[in-house]
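Let me begin by presenting the structure, written as structure tokens, before commenting on it.
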Amino acid sequence: MTTIVTKKAITEELVNDSAKKAVYETNQLNLWYGANHALKNIDLEIMENEVTAIIGPSGCGKSTYLKTLNRMVELVPSVKTSGEILYRGRNIFDHDYGVEELRTRVGMVFQKPNPFPKSIYDNIAYGPRIHGIKNKKILDEIVEKSLRGAAIWEEVKDRLNENAYSISGGQQQRICIARALAIEPDVILMDEPTSALDPISTLKVEELVQELKKDYSIIIVTHNMQQAARISDKTAFFLNGEVIEFDQTDTIFSNPSDKRTEDYISGRFG
Amino acid sequence: MRYIEQQAVVKRMNGRLIANSIFKYIFLAATLVALVALIILLYRIVSQGMGHLSIEFLTNFASRFPEKAGIKAALVGSLWLMLVVAPTSIILGVGSAIYLEEYAKQNRITTFIRMNISNLAGVPSVVFGLLGLTIFVRAMALGNSILAAGFTMSLLILPVIVVASQEAIRSVPGELRDASFGMGATKWQTIVKIILPAAIPGILTGSILALSRAIGETAPLIVIGVPVIIQFLPAGVMDTFTALPMQIYDWSSRPQPEFQNVAAAGIMVLMAVLLFMNSIAVIIRNKFDKRY
Amino acid sequence: MRPSVQEMIARSNGKKNKKVIEKIIPVLLFLIASVSVLTSIGIVVTLIVETITFFTRVPFFDFIFGTTWLPFSNKDAQFGILPLIVGTLKVTLIATIVAVPIGISAAIYLSEYASENVRRILKPVLEVLAGVPTIVYGFFALTFVTPILQSVFPEIKIFNAISPGIVVGIMIIPMIASLSEDAMSSVPKSIREGALAMGSTKFEVAWKITVPAALSGIIASVVLAVSRAIGETMIVSLAAGSTPRFDGDFTGSIQTMTAYIVQVSKGDAGFGTTIYYSIYAVGFTLFVFTMVMNILAGYVSKRFREEY
Amino acid sequence: GSTETGTQTAGESGVEGTVSGDGSSTVAPIMEGIVEEYAGVQPDVQVTVGTSGTGGGFEKFIQGETDFSNASRPIKEEEAASLEEAGIEYTEFELAYDGLSVVVSQENDWVEDLTVEDLKKLWVEDGTTKKWSDINPEWPDEEVVFYAPGTDSGTFDYFNEVILEEEDLVSSATLSEDDNTLVQGIQADPNAIGFFGYAYYVANQDTLKVVSIDGVEPNNETIESGEYSPLSRPLFTYASNAALTDNEAAYDFMTYAIENAGAMAEAVGYVALPQEDYDKDLADLEALK
Amino acid sequence: MTTIVTKKAITEELVNDSAKKAVYETNQLNLWYGANHALKNIDLEIMENEVTAIIGPSGCGKSTYLKTLNRMVELVPSVKTSGEILYRGRNIFDHDYGVEELRTRVGMVFQKPNPFPKSIYDNIAYGPRIHGIKNKKILDEIVEKSLRGAAIWEEVKDRLNENAYSISGGQQQRICIARALAIEPDVILMDEPTSALDPISTLKVEELVQELKKDYSIIIVTHNMQQAARISDKTAFFLNGEVIEFDQTDTIFSNPSDKRTEDYISGRFG
């Protein structure tokens, strides 16, 4: 199978390139929704230019962890956290760390495609515009580059002024990825980006992720274990708010060290 | 042993099906009562007022002669009233809704404001008239001007606009908000660029419906003391004026029977204005119905 | 080659200070949101202040327990509000009798039986009915419903409680129908499907599942509609007459609290007279009535909210 | 042809301004007609006239809210005193005569005539239930249904003064500022009785039956001659002197009003005063200029 | 693994008991939602006292087929069907076939637990009551029997008067099963009955299904292939509205005859 070949290649590459830096270091992170202890003592180190997959049964805290990385989780009023998350060495919970700044560096793609009810062009230009880029020529450039980056330029280049909801779900999802790319982030967080898509769109997005990791660090939550196996370099297995195992993807899938990981991967539960 | 005998079930089935269809028609009939009432009401008013409706009716001032009586002052007065009510109530209503939906923390003050708005919606309009009379007409010495009546009406429909706007804002999918925040947009940017544009159809629809309520309200105007014998058009918001429902009320309470027909014609004009406003609301609603 | 987007962003963020706007806006919006609270306070204070003055002239107990309302009398004006309350309740009672069965039946029809197309036609019709100005209803009551009633029951007077009662009932049907329909529609489809899948007829689903599940919402809609009927002004002003009566007769002229306020406002009782203050006392009573109903409706829908 | 006299003195030059009045709804038909005609003559003068009833009108007049106040009875002493206290000087102008008409439904086939005593017996509250048979044993043994103008009205005051003599009106009466309410109520009920301004009876002759009082039926002759007594009365407007001197529009309007009052009164069903009375009013007005 | 043993046993039993009758025969069934052709030429024969699993990727028509079996699908206004479904030999689309009667014979359990907002007791007694059983003693018996049948009697016997929403999701689902059992149906349809449940509740429901097939014929839709393998006797694989393969469960999973079935089972898509 091709995927296996790819993974092998990656592993080799990894070994060679051991000088890679961490983008995120999570230290003893705890998170509560009110009384619900949703994340427990999370320690994770996420590397540059890799795809890190997060898997685990429903409700285990995958989305919560992801949303903590760009502090979106704080939109839930009852949330409390302890511990630290260093992004490029700086604690994102620091009092004077602006969330807007953090989120400008860290893009996010959501489970359900969520383009704005605007034209395709305006969707992509939204980010640059709110950050003060007004020059039409520069915006045009950014839009094209981002759409190309999300492998959807050819499909939409003649309909940039149409509403983003007039295209298919799979295309919408790539528009959302393009929208995230438009502000040239450092990291892209993806929360089950293909779970609402058909198999063909899924394939396209998976290929795109492989492509993107050349320039970005990607963290992807997925409930599809095959997907994790196919596209990620490292995999973290969450259960009940804890990280049970975190390792190279092929290690996790071929030779997990924890019984629960094995049970989960073999479909014993979840 | 079996408790449910198929035979018994089949036997009972007939009775259940008959009850089902009888009640279906009872419920349908009840629904149609509303429809029939509306048709009778409209038919009655049109058949009474049609003879009086003419261009002159729209361009004449009120008159002691039924055949010369026109609705110009009232129609223009109602439009002036809207000129005050629309901006006042929409700014206050949408502002409140944004605050409650986007900024308010879940605390006692917020709960109090919410509760207060829903209670305010249930206060009879005649009581708003008393408020307007005391505060705007007397205390603020605005007299029975367009401004005084407009402020009173604005407060009267404020709760409706707040609630409609809240619903419109709430119905903007959370994912859009998340997407905007996820790009590093600030709260106000997200509100202005994403939430309000998406919510505007709902807000407009609700506001237009609320405004059409304001156009038809009579009781507060009576309490404020809006006059009816007026032979001129107002030139500014501090002028006295009369409004459609006041004029209709006056005509309907005149002793000469012909004035009943004039009143019916006045009602037709009022209903036409309302129909116009409602169609705009419906058009907006349909046009923007399914977008996400 | 242009600078990277992140560089441009960093530069433009350095220039502009979004933080000030972000701080000012919430304060501004809070002030706007306070207007509604100020309005309530305005209503309460206005009513209370003038009502207190009223009570310096008319003893409180005479007001709330008095059975004679004779404000215009030369010799001894009497301000016992019970006749006005009775008048209000007569109209409200008739309206409720008319509106509750029809409104709830219509709600059941719309939520359980009507196809999407039928609903799409009927709901706007109901909305139109709810949007008809009350002055139109009043005119309709006086010039159409009353004569019809009189031709059937000759003992009914031109001003009576029945005709405006029926018309107020028609007016509040949409409110009950639409709020009850909301309550019924919010019973999850899955529960309805569960019942249908067991072989229930639609009527059984409506009567045994949906209505009980939505009961709190239905009751709340009725309470709100009753509150609206209590506060209704123009229909009763035009069609109910202006005779405050403390008795059980529905066929003759009566007076409601709202109609009294209009009567005095039209006559424009001089500022400072007892009659002038009396409209505030009546207004306050009316306010208390509707407020109690509104709070009750809120309580019912919260307290008895079904879990699903 | 009511405008012909008006155009002679008033409305020659374009006058601008606002004039506001309030008061009697009995006077309203005359005033309304005048306002309507005047709008054709002086389109730039904005005249508003409320119909709060005589008493209500005076309240506003005393507050200084209006320039003139219509009345269907002479000003009361208390009202005059309040005006003095407020420093408002005023002039009384008589406009027309009104016969206060007592009416019943046309379905009522027994009442033709009532004496003042009968009226008193019927209308004064004495704790009993009034029946038609109380007045005349041959009349039906049915309860009488009463309709009367609101107590803020001059009509009520006048009836109160001459018939009730300060006793209370029957408490079962339907009181309304709204004359149509009264007309509708009375015409539909054979047992009903009510009273209001003569003009309203004239406007509804088809559906109402007027009752003669002590044998005299109200009509132009009997009212002007004073034969229809005690229920005929003069109608007034009271104008603020300050308004007449300072406000050109008010002066112009008032002149026009007096010049046309007689014709307008006849047109709407009242009785005009002798021309001398209008001339006297105009002279009073002239003096104020 | 125990499941495999069970399956083998079933297969043997099947062979022996070839006199088993079909409860449902579906012949050339087509179904459209408006213009969307959701079921295409379905031919399936479903046997008495077996568990038949329906698997396939999202949107392939599993739920639609299941809801056609008790004509619940007709609640969607735009639905059109052709072909026939014989239930116990009689075409359920026959003009004079009453849906209420059909649904009395065919119980259904939904993806999300959907108890009525009534007491647990009233939930179970609902069915018998609409069928005219009023006798309190008989109702008590039915309630107990059904709750025992759904393996939840012990857990709720002391709280029969509590609202059915006061218990956990897994318990609610078993209440729904008990509710279906209360009218002693012939067939039970289940649409992803465990997908909203935690692993332990899932296990309980799975065991229950195994138990129930002694007395009922069960058709179960599931997205969890391991589940299908664990509990079903036969499996139908749907794709794009067509039945790609229908066979003994162990044949489908060990030796599928269609490439697409194999791809799906091995997680190549879906």
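Each chain gets a letter, A, B, C, D and E, in the order it is written, and its residues are counted from 1.
Keep this in mind: a residue touches a chain if its C-beta (ideal position, glycine included) is under 8 Å from a C-beta of that chain, and two chains touch if they have at least 3 such contacts.
On a predicted model such as this, the values are computed, not experimentally measured, just so you know.
Common neighbours of subunit D and subunit E, by the contact definition above: B, C. The most distant chain from subunit A is D, comparing centres defined as mean Cα coordinates. Separating the CA-averaged centres of subunit C and subunit D is a span of 38 Å.
A straight line joining the Cα centres of subunit B and subunit C is 14 Å long. Centroids of subunit A and subunit C (each the mean of its C-alpha atoms) stand 51 Å apart.
Contact of a single residue of subunit E with at least two other chains is seen at positions 100-101, 104, 127, 130-131, 183.
In subunit D, the residues that reach two or more other chains under the touch definition are 22, 50, 52, 178, 181.
Touching of two or more other chains is recorded for residues 16-17, 186, 189, 225, 252-253 of subunit B. Two chains count as a pair here when they touch; such pairs are A-B, A-C, A-E, B-C, B-D, B-E, C-D, C-E.
Looking at the complex, you find that subunit C touches subunit D at residues 68, 70, 72-75, 142, 150, 157-159, 241-243, 245, 252-253, 263, 266-271, 273.
Within the complex, the subunit D residues that touch subunit C are 22, 50, 52-53, 55-60, 62-63, 145, 150-153, 156, 160, 166-169, 171-178, 181, 184-185, 187-189.
Listing the residues of subunit B that touch subunit C in their complex gives 16-17, 19-20, 23-24, 26-31, 33-35, 37-38, 40-41, 44-45, 48, 91-92, 95-96, 98-100, 103-104, 112-113, 115-131, 133-135, 138, 155, 158-159, 162, 186-189, 209, 212-213, 215-219, 222-223, 225, 245, 248-249, 252-253, 260, 263-264, 267, 270-271, 274, 278, 282.
Interface residues of subunit B facing subunit E in the complex, by the touch rule stated above, are 2-4, 6, 8-10, 12-13, 16-17. Within the complex formed with subunit A, the subunit C residues making contact are 2, 4-6, 8-9, 11-13, 15-16, 18.
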